[in-house]
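Below: one structure, written as C-alpha cells.
Per-chain numbering from 1; labels A, B, C and D assigned in written order.
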Amino acid sequence: MANKFGKLFTITTFGESHGPAIGGVIDGCPAGVELDFEAIQNELDRRKPGQSKIVTQRKEPDTVEFMAGIFEGKTTGVSIGFRIVNTNQKSKDYSHIKDQYRPSHADYTYTKKYGHRDYTGGGRTSARETANWVVGGAVAKQAIPDIKIHAFTSSVGNIHLDTPYQELDFSKIESNIARCPDAKKAEEMIDYIGEIKKQGDTVGGVVTCVIQNVPVGLGEPIFDKLHAQLGKAMLSINAVKGFEFGSGFEGATMTGSQHNDLFNTDGSTKTNYSGGIQGGISNGMDIYFKVAFKPVATLIQEQETIDKDGNMVTMMGKGRHDPCVVPRAIPIVEALAAMVILDNIMLDKARNI
Amino acid sequence: MANKFGKLFTITTFGESHGPAIGGVIDGCPAGVELDFEAIQNELDRRKPGQSKIVTQRKEPDTVEFMAGIFEGKTTGVSIGFRIVNTNQKSKDYSHIKDQYRPSHADYTYTKKYGHRDYTGGGRTSARETANWVVGGAVAKQAIPDIKIHAFTSSVGNIHLDTPYQELDFSKIESNIARCPDAKKAEEMIDYIGEIKKQGDTVGGVVTCVIQNVPVGLGEPIFDKLHAQLGKAMLSINAVKGFEFGSGFEGATMTGSQHNDLFNTDGSTKTNYSGGIQGGISNGMDIYFKVAFKPVATLIQEQETIDKDGNMVTMMGKGRHDPCVVPRAIPIVEALAAMVILDNIMLDKARNI
Amino acid sequence: MANKFGKLFTITTFGESHGPAIGGVIDGCPAGVELDFEAIQNELDRRKPGQSKIVTQRKEPDTVEFMAGIFEGKTTGVSIGFRIVNTNQKSKDYSHIKDQYRPSHADYTYTKKYGHRDYTGGGRTSARETANWVVGGAVAKQAIPDIKIHAFTSSVGNIHLDTPYQELDFSKIESNIARCPDAKKAEEMIDYIGEIKKQGDTVGGVVTCVIQNVPVGLGEPIFDKLHAQLGKAMLSINAVKGFEFGSGFEGATMTGSQHNDLFNTDGSTKTNYSGGIQGGISNGMDIYFKVAFKPVATLIQEQETIDKDGNMVTMMGKGRHDPCVVPRAIPIVEALAAMVILDNIMLDKARNI
Amino acid sequence: MANKFGKLFTITTFGESHGPAIGGVIDGCPAGVELDFEAIQNELDRRKPGQSKIVTQRKEPDTVEFMAGIFEGKTTGVSIGFRIVNTNQKSKDYSHIKDQYRPSHADYTYTKKYGHRDYTGGGRTSARETANWVVGGAVAKQAIPDIKIHAFTSSVGNIHLDTPYQELDFSKIESNIARCPDAKKAEEMIDYIGEIKKQGDTVGGVVTCVIQNVPVGLGEPIFDKLHAQLGKAMLSINAVKGFEFGSGFEGATMTGSQHNDLFNTDGSTKTNYSGGIQGGISNGMDIYFKVAFKPVATLIQEQETIDKDGNMVTMMGKGRHDPCVVPRAIPIVEALAAMVILDNIMLDKARNI
C-alpha cells in the first residue's frame, strides 16, 4: 500500500537497501518521449552516495537498468520497468543493532506495525528508495522539457542563504558540493558539515525549489491543489519535517494589504507571495517552496536506547551515514516536483475533450 | 477530479457558496457507529460565519441534513449522503466584480483553467466548502472516540503563543472567540483583529493541532506517510501556506545529538521532536503540527487590479469577509485530522487478515 | 467504499429507496457542456417505475434536482451535486419481512457483512440506486454528442430477437413498452411478461447495447481494457449474471479462420467478431455487447425461507415489483456505457501533452 | 495507466515478450506470509509455453526472481518486486510483419493509440504479461490458504463438458494436458486441438472456475460487487470475450420461481443459481463462473491484410503460437481469482475498527 505516487503519471516502487535490487514501474508516461539516458544517469549521480567528502562514504554505482516500456530509444506509452542493482550491501554493518531500536529511526514503528524486524539497513525505510524517485523524475523532466526546475541548499543548521532566489545564478548550484548557488555561503556550509562530521554528529537544513515556465491552470480544486500535491510529495522524503510555499510561515504574520499580489495588465503579478499558485491552481508565475530536513538520526556517538525486550542498552552507529542529507536531497526534490507537474499537465489535458 | 478525500474512509463533495446547497458523500464509514447529531451540529457551529465580532458577519445557519446511510441513528456501513442548504446567497454582493480579477484570489486561475467565470462568491473556491469537511470530520471523530484531537490558535500576525502545548489547558480553547487557550494572548489577538478589521485589512495566523492517544503503527510507508497525509490535508484548506510537524523548520537548524528522541523502556520517548511519527508511522506519542494561514485576500480598501480584458481598474471589496480566518479554521483542521486518522486505522486493520 | 464509478469522469452515489433522497456527486465533467435538462429528465422517465403495465406499479416522479456545478446552464468543470427526493417510501410494505431473509435477495449477505438489517426496501441494495447512474449517464451523453449509444431488449425468457443488430431500426426501440425494436417480438415479450406477472412470477432477459461512432484508440492496456471496464459496469447492475461482447460465448466455439476480422484498406474490418475492441482498445467499428439479467427474486407467491434466528418460515412478497427488469434496464445500460466512453476519452486526451 | 490491479492487495506490472524482462510490484501483501517458492514456480510452470504438444512450442524457463519485500522467507508487509527474464526473444520471428497489421490482433489499435509500432512480439499486448499475474496470484493464494480455487477447461470448440462441477474430481485437472477433469472429454479436446493445429488453425474454448470456502460478506456494494470485480479481472485476460457467474446467460431464460435459491436453516441454500454471490456479496456458497476465450488470431495460414499505408498484402504467421489458449489460461484465471478474493478479505477487515 502506498508504494505508488501520482494519478496518471505514476511510479510504483520496491526495494530495500540491502536486498538484491530496488526499482519500480513508471506508468502513464506519454508515448514518443525520446530518452536521454545519460541525463537520467546524471540525476542518479547527483543523488548517489560517495560523491563528495560531506556525504556518506558508502559506494554504490547506482546504475539504472530499464527492462521494458522503451523501444528504439523512445517511450512506448506503456509501463516502464526499471531496477538498480544493489552492489554494496554490507549487512554486517547492521548486525550489532539487530535487537536494538535506534532513536528517531523507524525501527520501533516498523517493528510494531509489521510484527517483524528487517534490521539490514532499515529495510524499506532506507532513503535508498529515493533513487527510484530520481529515475521517475528524470523521465518526467524529459517529457516536459520547457519547464525548468531548480532546487538548491538554502540553509544548513543556522547558516542561511537569505538572498531572494531571483538574484541567484542557478547555473552555480552544481559548482560546489553543498549545492548552494552562493559560493561563499556554500563554503561556510561545507566547513560546518565537515566539523559536525568530525564530532560524529549530524545537522539539518533546508532545500528551496523553484519551478519556472509552468503554464497557467495546473492543479485540481479542493483536495488536489497543486501546492498540496507538492507538499505531500516533499513530506514523503525521509527526514522532512516541514513544507511551505510562497510566503509560507512568514505570510502568516503579514496583513492582506502587504500580502496581496497586484496584477500587471498581462495577468502576471507585481509580487509573488502566492508562490505561483492561487486557489490551488498555477497562475504562470514562478512556483517556489521550501522543504525542511531534520538532522540524520544515526550518530557516530554513543547513545542510550532500548532493545526489543525493553532493556536499556548503549549503542553507537557504525554504518556509513550522511552528516547532512541536504546536498543529496536536491535531485530528489526536483524529481518529485517534475513528476507532480507532469501529472498535473496530463490531468489538465484530460478536460479538453 | 479531486473532489474526493481519503482512501477507505472518503468524502466526496460539491457546492458553491451561492448555489442552492453544498454537500457530499461520506463513503466507507464503518457500520454501527451511533451518531450524536448534536455534536455534529456543534462542530458546524464552531465553523459557521457570524459567530462572533471577529469573523465575517454573513449569517448562515449551516444546518446539515442527512439523506442516506443512517438507519435508526446508526451508520449502516454504506455511503452517507448529506447537504447543507445555502440560505443567504447575496449574489448581488459580487456583481461589481463580475469582470474583475481580485488580487490573490483564484478568479484569474479558475477562469483560465475552466474557460468561464463563476463570479458569485468565488464558485467552488469559496471556503464554504470546508463546512462539508467539518461534517465528514464530525462523523469520523465519533467512529474513533478514544482519539483526542485539539486545534487552537497559536499566532495571529506577530502575536505568538509560545507556551509548549503540554502546558496548555485545551478545555480553555472554546472559552474565547480567538480559540486560543491562553486567555491573555487571546485578548491581545482579539484586540489586534478588531483593529485590523477597522482598517478594512486582514491578517494571517497559525493553527497548532495536537492528536493524542493514537495507536502505534498508523501510516503507510513511502508515499502515504502519516505526516504526508496530514500535510496534504492541511494544505487543502483555503489560505494555507505551510505545514510543519514535530520540530518542523526549527528542526532543520538542530544537530542530531540535540534532536534524537531517546527511548524510555516502555517504548515512549523522553522528548518528542519527531512529533509522534517516525518513518511515516505513528509511534504512540502525541502527534502535533502547525498550519500557517495567509491573510484573507479580500480587503475593504481600494486596490488596483485588472479586468478580464487586461484593463487596469480600481476595486474595493464589499462582501462580508473575515479579517482573520484562523479562529474559524480550528474545527476544519480538527475535521481533516480526524478523517486522516480514521482512514489510517482502517488501512492498518486491512493487513490483519 | 466502492460507491464511486470511473477514473476521471466519476460518479459517487448515496441513497436508499426508503430514505429521504438518493443522489450523488459527478466529478470531472469537462467545463462548458451546455446541459439539456429535459433530456436528462427524459432518461430518468425511461427508467422510472410505474411507466407501463409490465413494470412495477410503484409511483415515483424521480425528478432530479441539481445543487451545484452548473452555472447559467453550463457545467463549470467542478463537481456536480444532485439528488432525487424519494416521495413514495411505503416502509410498511416491508415490515412483514423485517426479520426474514428473502431468497436470492441480498438480505442475508448484507446483514452478515454489516451486522445489521435495513429492512425498508432493501436499503442500499435496491435498484433505485440506478436512477443516480442514469443522471450521470445523461450528463455524460451530452458531453459526447457524436457518440451514439442504443440499448434494447433482445430476449425475455426464451423469446429471442435473433436479427443482427445491423438490420434493426433503433428509432423503434421506444415505440413499445418492451423496448424491443422488432414490433412483433415486442408484442410476444409483452404478452409473456403479462402472463408471468399474473402468476406472481418473474422472468429474466437480455439487453443488447450498440455504441457507434467511437474514435479509434479508447481503452487502456492490461487492466483497464475498454471491454473490461464496460463489463464491470454492466455487472454492477442489479440482477446481472453475465456479460459478453462481440462474438462472446459463441466465439469460444469458433476457429481462428472463421473468427478473424479481415481488414478493408481504410482500417475498418469486413466482419466484426471483435465487437469494436481489439487488445482492449477501440478500433472504430461498432462496439456491441450483451448483458444477461436473472429473474427478479421477489415473487407474489408463497415461498419458504428462514428468519434471522434460522427458523423456517413462509413468506409472500407484497411490495410492488417488476415482473421483468429488462425494459427498465435499457436506460441504465446506456448510462453506464456513456460514462465509460467519456471517461476513456478523457484518459486518452491526457496522453497528448 | 492501468497497469495496476487491485485496491489494497495490488499488482503493478511491466514487460514485453521481446524485451529484457517482464515483472512487477506486489503492494499491500500482509506481513509474515511464509512463502513456498516451489509452489510459486509450479504455478508459472502450469502457464509456461512449451509444456505440451497442444501449446506453443516457444521455450521460456519463466523463472521468477524476487528482488525485494521478502526477508528470511517471509513477506515483510512492504512492496514485493519481482521479474522474469526473457530468454528466448526471437525478434526476427516478427520482422516480416513490421509494417503489417495482423487481423484481429491489437497491432492496428495500439499503433493508432500510441503513434508507433512495437512490432516485436506485439509489445505489451502479448499474453506473456499474464506470467506476472500468475506470480501475484501465487503469492495471494499463499496468504489465504483456506480458500480453494480450481479452474479447468470446460469446452474447446464444440466439445463441451456438461457434467455439473459438483460431480467432478478437481484432483484430475492436472492429470492431462487439456486440464479437463473428465479424462474422456480431455482426450477428445486434445485430439481436436491437434487436428486444428495441423490445419494451421486455432480454436476457442471456455474455462470454468470454482472458488470454495469463501467467507460470507466479501464484496463491496454498488460498484465493486464481488462478481463485477471477478468479471473485470477475467475480461482483462487476452482473448476473453465473455464472463458469466452462477446461472449466467441461462439464468436470463428462467423464471423467478425456478431461479430463487431457497435457504436451509443454517443460511446455506438448497440450490446455487446465485453462484455464491447475492447483491454483490459472497454468501458462503461456492462461487463459480465461466470465461469464454476466442480462438487465437495468429494462424499458420495465408491471410489477406493491410500494411501501415493501407495496401492490401498477404501474410502468414510464422511465430510459435498456441492452437488453443485455454489449457494455459487455467492458472491465469486462478491467479486473478486469488488476488480478487484476498483484496476483498482485506477490504472487509478494514471495516472492523
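Note that in this section a contact is a pair of C-beta atoms (placed from the backbone, for glycine too) under 8 Å apart; a residue touches a chain by one contact, two chains touch by 3 or more.
As the structure is a prediction and not an experimental result, all values here were calculated from the model.
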- Query: Same or different for chain A and chain B, when you check if over half of the residue numbers at their contact belong to both copies?
  - Reply: same
- The chain pair with the larger count of contacting C-beta pairs, comparing A-C against A-D, is A-D
- Note on the structure: Expressed in whole Å, how far the mean CA point of chain A lies from that of chain D is 39
- Return the distance between the CA-based centres of chain A and chain B, expressed in whole Å. 27
- Query: How many Å are there between the centre of chain A and the centre of chain C, using C-alpha atoms for each centre?
  - Reply: 46
- Residue ranges of chain C touching at least 2 other chains are 1-4, 8, 13, 28, 31, 77-79, 113, 124, 221-222, 347, 350
- Note on the structure: The answer for chain D against chain B in the complex is residues 8, 28, 30-31, 77-79, 143-144, 221-222, 342, 345-347, 349-353
- Query: Which positions of chain D touch chain A when the two form their complex?
  - Reply: 1-4, 8, 10, 12-16, 19-25, 27-28, 31-32, 65-69, 71, 74, 76-81, 83, 113-116, 118, 120, 123-124
- Task: Spell out the residues on chain D that touch chain C in their complex, using ranges where they run on.
- Result: 1-5, 13, 101, 103-106, 108-110, 112-113, 124-125, 129, 155, 157-158, 196, 201-206, 216-217, 219-225, 227-229, 231-232, 235-236, 238, 241-249, 251-267, 269, 273-275, 277-283, 290, 292-299, 301, 303-306, 310-312, 347-348, 350
